[in-house]
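In what follows, subunit A forms one complex with subunit B and a second complex with subunit C.
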Partner chain A sequence: MITEQDVRAAIARARENFDASAVPINADWGDAGLDSLDQASVLLELHEATGIEFPEDSSELKSIRAVLDYAQAAGT
Partner chain B sequence: MATAIADSPSALLDLLRAVTPENKRLFRELLEHSIAKTGLNGPSPAARTGASGRVRVRLLAYREILAFDDTGGVEGLASNVMEAIVELNELYTFALRFDVARHLLQKYTARWPKARPLAILPPIVGQVKGPVDGFRDNMELDVQIAPGPASEVTFVVFCGLRHAFGVQLNVLHHCSLAKHRVNIVYLRDFAQNLYLTGVSSIGGVRPTCSALRDILANLNSKKLVFIGNSSGVFGALHYGAILDADLVLLFSGPTSLEIGLEESERQAYPRLLELRRAGKIEWPNLRETYAARSTPVSFYYGSKNRVDVAQAENLSGLRNVRLHPISTSSHFVLDYLAPAGGIDRIFASASMC
Partner chain C sequence: MEPDAFGIAAIGGYLPERRLNNAEAAKQFGFADDFLATKIGTAASARKESEEESSDLCVKAFEDLRCIAAQDLENLDLIAVVTQNPDCHGLPHTSAIVHQKLGLAKKCFAFDISLGCSGFVAGLAIVKGYLYATGGRHAILFTADPYSKVQDPEDRNTALIFGDGAAAALITKTPNWGIGPAFDFGTEGQKSPALRVDANGRLAMNGRMVFDFCALNVPGSVERTLAANGITKAEVEGWVLHPGSKYIVDTIHDRLKIPRIPFPAPYGNTVSSSIPLILREMNPQKQRTVVISGFGVGLGWATTVLRSTA
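Here is the complex of A and B:
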């Protein structure tokens, strides 16, 4: 099961010198200061750490909340 | 030794980034060994290789280069949008293989037509097949100079919070700005303070302005165009006033430190407040600044993006400011301007300011 902490840890690994704890759970990545490469890096980190398979067009998973909801629905 | 390097995906990636046409044979040998040894493109190879997902995907980009050089085609190895983004970033930023990236992009945008991070690229990249001059973005530098051929116009480009311009700097330069044959100075805000603490490798705002004056003089600049995207908007406006720009050209970003920064600049804003409390930065009111100046400002932004609208409208009503709302909720607007040569016209017009 992926937790909010897992996602924040993946953000911290994907992006140096970035305060992952300050990202509101419902904020779009862009609004939180993360670009599409960051988002891709975060999801690749999560895939690597947990084995979760994200949808092919994962650009729709636009927030921490969206990632958690997807993971929950996927039973991960 | 080659075998040992190829067993370490990160070391291999570093090596591949340094490959030149002259040592391409080594490149092929290393990559093929790594693929055979680690199953680079097999299912879940990361667990077997110890490579992070990002390193593995970046290595795939070099596999595509081999395929392209052999056959003139690409395979399209990314299995999802996030892998495609990382792979393309490697090709644009490090490998500088725009030809390979262009073919991959065609494949990936056909495969995932709704993915905006991919869809923004084709209108900007166009038919460009490779670097058009000697500029190569070094992401570790916050000041880079690309002299134009005998031009007296200089574009000073302020990157955003992510040290790019919504697209990789190599893409912006080789697919767009370089064709206008002007001098270009690229700036990055490594401190992520909206350039209010200057450019890090130089110092504070005053030393930065002093260094920029020297750079602009050495380039024999007679006309200055300050260009900002996203968080770079504030820097372009601020420094454009100090250094007396002839034109300021902006694409979606903050013009005021008082409007919604707690939302749009979540990382920077608490730091800026602290720096202000400590008396370490100025807190400029750019509306007041530009109300007292005649410098023309052109501002392009998404008319359905609440934060960007508020920041753009901070300058509304000033006689020297022209707002160009674009019908989108996107923060990134360059791709909306690209069709029918829109970006080219904007930059061409700026180069003749």
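Here is the complex of A and C:
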């Protein structure tokens, strides 16, 4: 089970000196000041922690909410 | 464990003088102001002239090698060229064209090695094996893989990453750096589409797949290589992990729990030339034990250690 807090913690580890708590849950990564490499780090960390396989094309996982919805649908 | 008898005697290199300033392109792609500095590491990419062929880059690296090598380069048994962007669509092989341009002797065999970022490290093993099998004594391992031949300047995934360059490493039994002896190799062929040239002849990359592959596999490869060669991390005086981008190098250093280093390739990721071009700037008497690891296209990796013989 991935929680919102898990995703925010992963963002904080991926991006030093970045306030992960301030990212709106529905904001696109880019609008929140995060780039594709930050997203890759977050998804890799969540994969390693939970075993969930995120899709090769992660363009639909645009926000914290999208990641949580995907994880829930995947049964974690 | 002692390194193998064959090793690297000298390395020549060539980087085109022309540079592409990436700042403007980064802005057009909508990247944050600090993206180049903190994630890519390449402010200005080295670019060959359009008429320069891969074999020309090899010849220029050879000329540099000739200036610094302590021995005659005429008596070669083998030249091998690591490239996936050959002259003439690969037929004849680029190494044969280099052989012709350098006017080498008939007894010097020539072949190409089709590998990307792992190619230099893998090439060391291949060249050593050839010399052992044939009783040869001297070889040059060239690397020249100018991605500007296939790069799409409008592709935000790849346009800021790669640079053109070439290297020529002289392999002999009187080296400055001994090789290995142990290597660590691996391939995840099912992930090969993540870095490819597409049907339109353009480079295409799934950055997240490549990132995951590197972050998940390279630290383990380094650890296995160190153990197999009987070396501890504390003994390593140089870490040359293929500079695909600053972010991936930083990530692998973090996962290995070793200090980060300044990005060593500000002229861009020169694919199989990246490792020898960095080694060329190092002093085997000061950085006596060096880990080298190449990873990317394939997706595959190749890792070994170099140890000073001085």
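We take it that the second predicted complex is superposed on the first by the 76 of 76 C-alpha atoms of A that agree within 3 Å, B and C clash if a C-alpha of one lies under 4 Å from a C-alpha of the other, contacts with A are read in each partner's own complex, and residues count from 1 in each chain.
The definition used in the following text is that a contact is a pair of C-beta atoms (placed from the backbone, for glycine too) under 8 Å apart; a residue touches a chain by one contact, two chains touch by 3 or more.
None of the values given here were measured: they were computed from a predicted structure.
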item: First, second, both or neither for A:A22, with subunit B first and subunit C second; value: first
item: Subunit B versus subunit C as contact partner of A:D35, first or second or both or neither; value: both
item: Subunit B versus subunit C as contact partner of A:L44, first or second or both or neither; value: both
item: When both partners are placed on the shared chain, which of subunit B and subunit C touches more of subunit A; value: B
item: Intersection of the subunit A residues that touch subunit B with those that touch subunit C; value: 30, 33, 35-37, 39-41, 43-44, 47, 56-58
item: Complex contact set, residues of subunit B against subunit A; value: 44, 46, 52-54, 57, 79-83, 85-86, 89, 111-112, 114-118, 161-162, 164, 166, 263-268, 270, 307, 331
item: Parts of subunit A lying in touch with subunit C, wherever the complex brings them together; value: 30, 33, 35-37, 39-41, 43-44, 47, 56-58
item: Sites on subunit A touched by subunit B in the complex; value: 14, 18-19, 22-24, 27, 30-33, 35-41, 43-45, 47-48, 51, 54-59
item: Contact set on subunit C toward subunit A in their complex; value: 30-32, 35, 39, 194, 206-209, 211-212, 215-216, 245, 247, 251
